[in-house]
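Structures follow.
The two complexes that follow have chain A in common; it is paired with chain B in the first and with chain C in the second.
The block that comes next holds the complex of A and B.
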């Protein structure tokens, strides 16, 4: 059997950072998994994914969080959960290198004080994903020291 | 802005500074067992001959239907569609402002959209099947799935049970109604070692 769940890249914030980005992602896997164990220095709102630096209106998402709260939006990013408190977000990026399909992302998320949720997002482009930027919903927020971001590749047989 | 080198030629960067923590060690505990990708629309996605040599299974993929409504697909094991063999619970969101819950039991399969209820964008799913090779207990599964098509969406966290104590050796998904799964739909099965 082929070894298939491999670490690709990982970084830990050693001084306040406005965003984190995995770049030059190789196209040799089937799916990507991003694990974000992170927190803002203050404020910040939800954690967002942005793909290939694309700031156009090619994204949409649907999510639920806590109980009695679910949201949907058409926007310029894929939204997950509030990371004002220490949060853990696991993002699954499916068929990320397949240039024949638009990209779909499932994100499991929660923070220690106020919410837990699940979101699905679409990036309506068929380009291979080569970079993933992780940043705060609200401007001015920065990733706190110690925030850790890990990227894994899963390869199907 | 520092650039951090890592495995596979990828790099990480940010507006700030970062330490690279990656190590080159990979543990062989997650293996690819089988993959199915549809080259034409089909009414079922099936993977068989699953070996009993792992502790758990994870099944991942993307789905799209050729027509709506395709109904809620049926997820089943060992080609077993016997009544009263399955049950499921879910919590879901559809952007409508309130979160819903669903429970069904005494089923002939687990009812799960797995992101397939859409004809434009692919949806996605991740299914975890625990102790699938056990011959002494019923099987429990946990899965996340959903789709978003810019004006509508559905996302769900679900659990299910297969009451049989037989080891799981095959896995299948079929639509509830006449729609097919579209070209490009995938099912990839992975084994997880303890």
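The block that comes next holds the complex of A and C.
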């Protein structure tokens, strides 16, 4: 029987870190899932996805959530929910290795502050995703020790 | 090779029962996922499912975005474990469907559960929700109880599956 859902990589923050990054993501899956079970050491704001280290203005996102109502932006990252307190964010990256399509991520999130939200983000490039960086909205914030990030690959066949 | 999703337990309701329980949950996974398809005896189009960990009804809170032909928000001292169809929902084979993701269930800190679910019946009276629930307790989760919020029973052919997820 085919294995359709496999762990690719995972990490637990052992010292304060400005970001966490999955690199060298293989192109052998159909979709990716990132589970971020994390919080900042202080401050930080929303959790952001950045793809392939791209800091250009090729991102846009829209979300609805309970605490901050609806937000949308065209920016240099893809925004999800606040991780100032312990948060759980599950991001689904679809068709991540298909070089014929722009990349979309759906993120479901919640935290102990508490908030609940759902965001959709687009990276308006067709490159295969080979790295995903996870970092804070506000500069100076760092991932707290014990924050855990897991990357899974999903095969459609 | 890793077997990421493993079925820990499944429940198929054959008569009616007041709740669904998963007990003796091993601590060997990273996260848990519950997938269920439920219908209750509540005389309504839909029914919310309350969730308890380790038989404890305290230290629970939630925030919810939900809609019944519109969009609303609320919060309170409760944990949502999904949505079920109520007995008014027709036909009788209409069931609600939900998924509940529970992270770090064996960790010694507060637990977060993300739920999304709904019931549907080609009408405007059914409910769809997305909820973040918190259990502010440091005990590892060893049991989960799902109970209709308004006191009805869970009907036959309802199913609930508990999966363990490993990230290595």
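For the reader, a short list of remarks on this structure follows.
Criterion: the second predicted complex is superposed on the first by the 154 of 157 C-alpha atoms of A that agree within 3 Å, B and C clash if a C-alpha of one lies under 4 Å from a C-alpha of the other, contacts with A are read in each partner's own complex, and residues count from 1 in each chain.
Criterion: a residue touches a chain if its C-beta (ideal position, glycine included) is under 8 Å from a C-beta of that chain, and two chains touch if they have at least 3 such contacts.
Quick caveat, the model's predicted, so the values are computed rather than measured.
Contacts of A:138 after superposition on the shared chain: neither chain B nor chain C is touched. In the overlay built on the shared chain, the residue A:156 is in contact with chain B alone; chain C does not reach it. When both complexes are overlaid on chain A, the residue A:109 reaches chain C alone and has no touch with chain B. Legend: residue contacts after superposition of the two complexes on their common chain; A:28 is shown touching chain B, with no touch to chain C. Contacts of A:88 after superposition on the shared chain: chain C is touched, whereas chain B is not. When the two complexes are superposed, the chain touching more residues of chain A, out of chain B and chain C, is B. In the superposed model, A:37 lies in contact with chain C only, and not with chain B. In the superposed pair of complexes, A:19 makes contact with chain B only, with no contact to chain C. When the two structures are aligned on the shared chain, A:119 is found in touch with chain B, with no touch to chain C.
Shared contact residues of chain A, touching chain B in one structure and chain C in the other: 3, 5-7, 10, 64-67, 108, 118, 148.
Those residues of chain A whose C-beta lies close enough to touch chain C in the complex are 3, 5-7, 10, 35, 37, 64-67, 86-88, 90, 108-112, 114-118, 148, 150, 152.
Within the complex formed with chain A, the residues of chain B that make contact are 3-4, 6-23, 26, 28-35, 60-62, 91-99, 115, 121-126, 144-157, 184, 186, 188, 190-191.
Chain contact summary for the complex, chain A toward chain B: residues 1-26, 28, 30-31, 60-74, 92, 94-95, 98, 100-102, 104-106, 108, 118-122, 124, 142-143, 148-149, 151, 153-157. Taken in their complex, chain C has these residues touching chain A: 1-5, 30-31, 61-65, 73, 75, 101, 103-104, 109-110, 112-114, 116, 130-134, 136, 166-168.
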